[in-house]
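Chain naming follows the written order as A, B and C, and within any one chain the residues start at number 1.
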Amino acid sequence: MMYETLLVEQQDCALLVQLNRPQARNAMSLAMVNELNHVFDRATNDPSIRALVLRGVDGHFCSGGDIKDMAGARAQAQAQTQAAQHGSDTEDAFYTLNRAFGRMITRADNVPCVLITVLEGAVLGGGFGLACVSDVAIAAHSAQFGLPETGLGVVPAQIAPFVVTRVGLTQARRLALLGERFDGEEAVRLGIAHYLCDSKQAIDDTLENVLTKVRRAAPHANRVTKQLLHQVGSMEMDSLLDGAAREFATAVKSDEGAEGTLAFVEKRLPNWAQ
Amino acid sequence: MMYETLLVEQQDCALLVQLNRPQARNAMSLAMVNELNHVFDRATNDPSIRALVLRGVDGHFCSGGDIKDMAGARAQAQAQTQAAQHGSDTEDAFYTLNRAFGRMITRADNVPCVLITVLEGAVLGGGFGLACVSDVAIAAHSAQFGLPETGLGVVPAQIAPFVVTRVGLTQARRLALLGERFDGEEAVRLGIAHYLCDSKQAIDDTLENVLTKVRRAAPHANRVTKQLLHQVGSMEMDSLLDGAAREFATAVKSDEGAEGTLAFVEKRLPNWAQ
Amino acid sequence: MMYETLLVEQQDCALLVQLNRPQARNAMSLAMVNELNHVFDRATNDPSIRALVLRGVDGHFCSGGDIKDMAGARAQAQAQTQAAQHGSDTEDAFYTLNRAFGRMITRADNVPCVLITVLEGAVLGGGFGLACVSDVAIAAHSAQFGLPETGLGVVPAQIAPFVVTRVGLTQARRLALLGERFDGEEAVRLGIAHYLCDSKQAIDDTLENVLTKVRRAAPHANRVTKQLLHQVGSMEMDSLLDGAAREFATAVKSDEGAEGTLAFVEKRLPNWAQ
């Protein structure tokens, strides 16, 4: 598969994915949304991919939705309005466009491997939303986070709910209703990002350090664990723990479980960590 | 409408509401609960009100429930007990009083404009509960927060649940079960308040800064956004995002959406921000 | 009752419980799980117990599940596999063992008195899980927290869900998927623990300070409050507040409520605090 809006490269157990529309500070076009979905499919179906690193080229993560797609939707919506006057009925073009973003973010949230975001420069709108579903977020001190939507007369519809899930209602209501802009340090303080870096070198070192930890975790056990974490809050706790204990029993009797125990006894790294 | 326990003044797009019972450190009487409900109605029905600022006169936010109302309820409860011995059945006076507080806090939580609290001096009991539902909370360093109820043999019944929603179970259980007292700095650290101020001047500057940001946000888009934020957790995420995308489509095609886009292209402030 | 794996001592209104398997850094054996359940029963049924302090002997809180029990379960599972080949059907031994841990943690979460943990040395696996359900957690700076499970090829099945409840999904996904190790300072920063201590003396002082606050809280009111806090999120908010107002009315009319009000008026400590 050739990507038009992404640079994709597999490095050992990690898939490095770079948003690649530098002319638009990596604004998210519909083409990019589709290609990201393709990447998430690939990561879901290939158990050898244990981490997916999302980053932007040229010093920006992602500046939000692409205005050309918005213009396209506007033209389409006008055509729809005219068609509707002649009795034809189609789904609203703005609804379709907006919902496509949210579906992609939901998929990112549920990709079974460890999702790592590297947050530099613009982390706005949809870019902010994507950051909010990563398992590990590495932020440059100078990154600029924000929800500019209400300042433009629109609603951060597919983003604000992920901000609430990320940092709770208390901070999300302030960030969204004031259209706050803030840097990487504040993002770490709020719990949006996990690691704060002051230089490109610090980012690279932190990323390498995180990938080393991912390599130490048993691949299948980590996928099961991620799924389990996502169940909290949407399932009754006792049933959740029942299912989890069954997953534990399966894991401990699997090849991974046997190798992990043996490696521990033999004081060596397990085979998946080598 | 003349208020007995409040000072109310509209300043541009903000309604400034001051709790005004200085003789009781702005303790919340039933009359005040009713007048606050009236204010929330007004803010709900008047779209020109884009922010509601809640503050206390004389250096205190609110010292909790008024003891005179408690004494009144006690007398009423005794009368009820005697009446019940004669077969008459009425709703418990303490239940009614307590529940009225909680209903008012729920209304404050759902007021559609941006709710800003200025937290100085005593922020106790019901005052603490009210702080916990504000979109933006500005705290004086010297403010005193706390849940004194269990020290008095009673239960922070209409407050503790809002503290859990505000800062999570982990901190709420400590604060409530130990009856902790703490200042503005700790309130910001715990995420109860957003901004920490060391002087009256700093409070005024912060408030002005917050109101400037509110003015930049499109009035209707902000109301829709606040409603959306409140849905997270009580609705299934995919349905929530479906509805949100519909709100997005409506907003983008509205006058606000058109003006926001045009202002952006013309590099000027939108008309609602002028 | 004689305990084999615990040291248990009642001191005034507090039950001091020390995990006592120093040879295994207080690893949690099934025997310990059963004895802890017994202790939780005792605290539930005896209203004179207002706090339960959980601590480990010899400078460690708890290093996780005991490997001997795992070996026992492995032997039992192999026997089960053979029995199943002959048509016999029993519950999986690993499931049973794992679930027993989770049930104990759930009981700890719901013990009606104030649960205080003192977190020193190893706070790993099940020990970490137990820390996550305490009302008040006091951490030594030098304590070592972590979820080592996926590094061993297994799943933190009965622990990770309690970590999500404790600090939210955002931090829990990083901690669990990277198998992070961190100290007491980070534990306080993340909100896993509440107080940070640099010495044994500081721990003892903090614990005494916390117990003094527990003594100030009315025993029954505190139990009702704890139950109320646990309902948030699993019950619709309005019904929860209705029930809470009824508990308020009951409390205010009880002996505790009368004594609390009288003590307040007479400017003296209530009888439960003496």
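Annotations for the structure displayed:
One rule holds in what follows: contacts are C-beta pairs under 8 Å (C-beta built on N, C-alpha and C of every residue); 3 or more make two chains touch, one makes a residue touch a chain.
Please read these numbers as outputs of a predicted model, since none were measured by experiment.
Between the two copies, chain A and chain B, the C-alpha superposition involves a rotation of 120 degrees in steps of 5.
As for how the two copies chain A and chain C face one another, under half of their interface residue numbers coincide. Separating the CA-averaged centres of chain A and chain C is a span of 33 Å. In chain A, 165, 168, 233 are the positions where the chain touches two or more neighbouring chains simultaneously.
Across the interface of their complex, chain B is touched by residues 114, 135-136, 165-168, 191-192, 194, 210, 213-214, 216-218, 221-222, 224-226, 228-233, 237-238, 240-242, 244-249, 251-254, 256-261, 264, 270, 273 of chain C. Across the interface of their complex, chain B is touched by residues 70, 74, 77, 92-95, 98-99, 102-103, 106, 149-158, 160-161, 164-165, 168-174, 176-180, 233 of chain A.
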